[in-house]
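For clarity, chains are labelled A, B, C, D, E and F in written order, and residue numbers in each chain start from 1.
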Amino acid sequence: MASFWEYANPLKFMRTTDWLLPVVAMAALVVTAIGLIWGFFLTPDDFRQGATVKIVFLHVPAAMMAINAWAMMLVASLFWLIRRHHVSALAAKAAAPVGLVMTLIGLITGAVWGQPMWGTWWAWDPRLTSFLILFLFYLGYIALWAAIEDPDTGADLTAVLCLVGTVFAVLSRYAALFWNQGLHQGASLSVAPGTRMDWAYKAPLYVSMTGFGLIFVALVLAGTRTEIRARRMKALVARERMA
Amino acid sequence: MSALLIRDLRLALRAGGGFGLGLAFFLILAVLVPLGVGPEPDTLSRIAPGILWVGALLACLLSLDRIFALDFEDGSLDLLATAPLPLEAVVSIKALAHWITTGLPLVLLSPVLGLLLFLPAEAYLWLILSLMLGTPALSVIGAFGAALTVGLKRGGLLLSLLVLPLYIPTLIFGAEVVSRGAQGLSVATPLALLAGITAGAVALLPFASALVLRINLR
Amino acid sequence: MSALLIRDLRLALRAGGGFGLGLAFFLILAVLVPLGVGPEPDTLSRIAPGILWVGALLACLLSLDRIFALDFEDGSLDLLATAPLPLEAVVSIKALAHWITTGLPLVLLSPVLGLLLFLPAEAYLWLILSLMLGTPALSVIGAFGAALTVGLKRGGLLLSLLVLPLYIPTLIFGAEVVSRGAQGLSVATPLALLAGITAGAVALLPFASALVLRINLR
Amino acid sequence: MMPDLGRYAMEVSLAYVASLGLLAVLVLWVWLRGRAVRRALDEFEKDRRGHG
Amino acid sequence: MMLRIHDLSCARGGLPVLEGVSFTLEPGMAMILRGPNGCGKTTLLRTIAGLQPARAGVIEAPADSIAYSAHADGIKATLSVTENLAFWAAVHGQTGTGDAVAQMNLASLASRQAQNLSAGQKRRLGLARLLVTGRPIWVLDEPTVSLDTDSVVLFAQLVTLHLERGGMALIATHIDLGLPEAQVFDLRPHKARLPEPGAGGFDEAFL
Amino acid sequence: MMLRIHDLSCARGGLPVLEGVSFTLEPGMAMILRGPNGCGKTTLLRTIAGLQPARAGVIEAPADSIAYSAHADGIKATLSVTENLAFWAAVHGQTGTGDAVAQMNLASLASRQAQNLSAGQKRRLGLARLLVTGRPIWVLDEPTVSLDTDSVVLFAQLVTLHLERGGMALIATHIDLGLPEAQVFDLRPHKARLPEPGAGGFDEAFL
């Protein structure tokens, strides 16, 4: 386990990602391209949904990553609060914009899909609603980081916001479920019983989910490297001012 | 403890303390909505529960930055942090003072605004009850947001952005109580959930707020 | 003159300048209202014009205190007052910068929020047009309010109270344009009145604002 | 090459264009910001070494 | 009952400011901190008062024994002198503010709102607060700013009385307070040395 | 081109502060204002700069000839040194900030954000602003606060150069600037006497 914590050292992290980042980035590009090309060009139309079923290869991976990104931020925030490793705080900071864009892609593809399927761009369905609320949480988290001068204070405050926000995001999900029962698909893919989706769709879907996951990892690594550099720059400037 | 409460109430009531501004804002909002939406009693009475709750929430929101910012600026907060009171108690009492000067008057004013929005007669009781149960949660959650942003210059809009999403569960259950009440349906479940949220927030959030405040002071 | 405009825009866009917060607030409000009022598309689409206008107004309102307060605190306002620019021009340009960073983005975001509130398809054009015509008035009137309260500590809530009543005519005509548009009625009269208010406010209010500002500086 | 998207051509292509566009913007933003920060830091450190 | 500081090191804004500060205060002792602007006096006092964590080192003091007074006085402009004092007395579980008012020569101003006091009077009110905390260790940050000479003398008498009763005082100041019995602690030798930035490297603390 | 003050009387917060102030500045002249804290230096300078009306008396100066510099510098923390200066230059219809940057020894900091400047560097930036206004009459309120001795000398040279070119300077300060040619104007004799409150009556000014 001790070896794992070494990567929380900025220097070690920079060295490792020096070679890891290009690898992950390439993998992300290739896998995503395969998944999307397969999904877009090589899948049959659904008998009910027609060609719109092709949207699933963007919608579901994006939605999944939007939630996973928040989960990753939660874990990184906990790491920071407990072990105070700077890299984890900076990784959480770097993940937020990626999560935000994933949420946005989920929302947009969902809206575009909703128009032919449900006859409306938007419905106040609980799942959609909680997704919109997640979007708001991302905005708040990013805005708080941007507003604070001192990096350690920023890391502390955003970490607490992430924890408290998670609790309230979950509460909002239940509140939204209580408030309105919706139109949206259930978990048609995740759980084994009643597997409703054909392998012709499932296979490319898995590929593009992996691709989105890799994109996320690559962007977070790149973002964390940037944040580490920015942090070092800030420290050097402050130190010069002091001397 | 009571000394702090009394001081905060006294400061709010003295000239320039800002007591009544939240109330006035609530009133103005209830006037603006009919002006924007149009005067039909049907529509207004349908949306009245939601609008009143959203209005209460915004009125609460706008007075949040007074909870800690003034004490931070004049150094009182440093001194309170070194006083024998635990900071958790300070936070709770300040949230209580905020509720007494903002939430409670909102509860009392709300029936009047209900009239302006043609709230159905059956709903008044539930409006008062739900606001009574829910506004403490608004103050406590708001105190958390205020503690998060206390050191920031002109943090007002950021504060709103952080706090409003946290208000969502309270809003949903609160408005649901009133609109179910207006339709004569059972309100037991949302009322219980509202009470649960308030109880949870009051019991747990002061710890988070005190933590954040300590971080901001150092 | 353009130097001032460019500086204000640049400041708003730099980190911590608060650009986008008003927008986020507008978005949150459009989310809160359905959560309070309930998800029925019928009701929502009926109240959408009014709610969107009230939301734009509040988002504008909450960013007003940035117009002068920051410049006042760091002494720039004193220096601007002694610069060769007439203070009326300073006020107008600052209102313009506020509009570009708040009003204009609101206009552009409003169709998306229209989706969330099920605004009828015919109304989108009128929504954008009316906001485009009306938000400059909001910024100019707001700049007047900000000039009135510039020296006050935590003047935010007071500012809201002073400005909201001044916003009422703009709100009424603006929302009327959209709701008539939604029903397919003629919008010529309210549109003309809205344009009239904006033209009048833009032409005359800067003089009042400059006057008030001069009084607050001395 | 292009599959026949039937009557949903608009929707499907819109979804793909919008999503890929957003992703491209994100990647570009991460990349540009990374480059800017790296350059600033390099310059700063070179300066320091130059001045002793 | 004593205050023991051992090998203390403190930071401000993420940068180390002071290091290796050690001293002990025993009942009846006063210690004056000296050092140029920006040398870290305020930072040290805030650390000792428990408002910010130390980077390293030991601060030993009985719980709830330190009364801290900062650059800002924590005075509410719309409360009267007595109301301000009574509040702090109540917070510290004390009763009666009469003594403090008399000792700081505020009797004629007791019912005046704080916003109508001059800067020096305000400062006297801030110092009177120390008397109503009932705490033995006073940690004071430039207590005599904007006081006139008479008030400085009054303040020195007050500190002497406090020491005679077994209290302690740790005072950061630039001027001569007229406390001959006080020890002086010069902070200049304790300026933190910055760790060398690793050549092109990023160590844990980014420095 | 000159600045003539005759029998000026000014007020702060509704209370008269100074009265009977008269002096004249001609091209090439500098005048130093002296007086204890709170005697009204800032008030007088703000009145002369046109930021507040005089209670009585005459201020004669050509339009748009006064460059005022206050306790606060009007520097935007998120703009760089050049951006800050270029803005003020543009407002005053001037172009080019290179000279000002070089003269105030800011060249190495030109692209640094103002928030990363130390207090003294910030102050130098504030003074560089005077150079880009292109105005002949400098009205400066404690311009050397937080400057180190080298910078004070630099500033004095700058003022001398400005005077040689036919400029004027009116400076409120507590320290010795090293401007032997400057005249000194002591404000103490000009403290406003409060009018006697009319016995039980309310006179025009409520005093």
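Annotations for the structure displayed:
Please note the rule applied: contacts are C-beta pairs under 8 Å (C-beta built on N, C-alpha and C of every residue); 3 or more make two chains touch, one makes a residue touch a chain.
Keep in mind that this is a model prediction, so the values were computed, not measured.
Hopping across touching chains, the smallest step count from chain B to chain C is 1. Chain centres here are C-alpha means, and the one lying farthest from chain B is F.
Relative to chain A, the most remote chain by averaged C-alpha coordinates is F. Rounded to a whole number, the gap between the C-alpha centres of chain B and chain E is 37 angstrom.
Rounded to whole angstrom units, the spacing between the C-alpha centres of chain D and chain F is 49. Inter-chain spacing, taken between the CA centroids of chain A and chain B, is 32 Å. Counting partner chains per residue, chain D shows two or more touched chains at residues 45, 48. Residues of chain B in contact with at least two other chains: 158, 161, 164-165, 168, 172, 218. Residue positions of chain F in touch with at least two other chains are not found.
Within the complex, the chain A residues that touch chain C are 111, 120-124, 129, 132-133, 136, 139-140, 143, 146-147, 176, 179-180.
Interface residues of chain A facing chain E in the complex, by the touch rule stated above, are 9-11, 13-14, 86, 150-152, 228, 231-232, 234-236, 238-239, 242-243.
If you check the complex, the residues on chain A that touch chain B are 133, 136-137, 139-140, 143-144, 147-148, 153, 156-157, 160-161, 163-165, 168-169, 171-172, 174-176, 178-179.
Against chain A, the residues of chain E that register as touching in their complex are 13-15, 17, 194, 197-198, 201-207. By the touch criterion given at the top, residues 18, 21-22, 24-25, 28-29, 32-33, 35-38, 43, 46-47, 49-51, 53-54, 57-58, 62-63, 65-66, 69-70, 153-154, 156-158, 160-161, 164-165, 167-168, 171-172, 175, 179 of chain B touch chain C in their complex.
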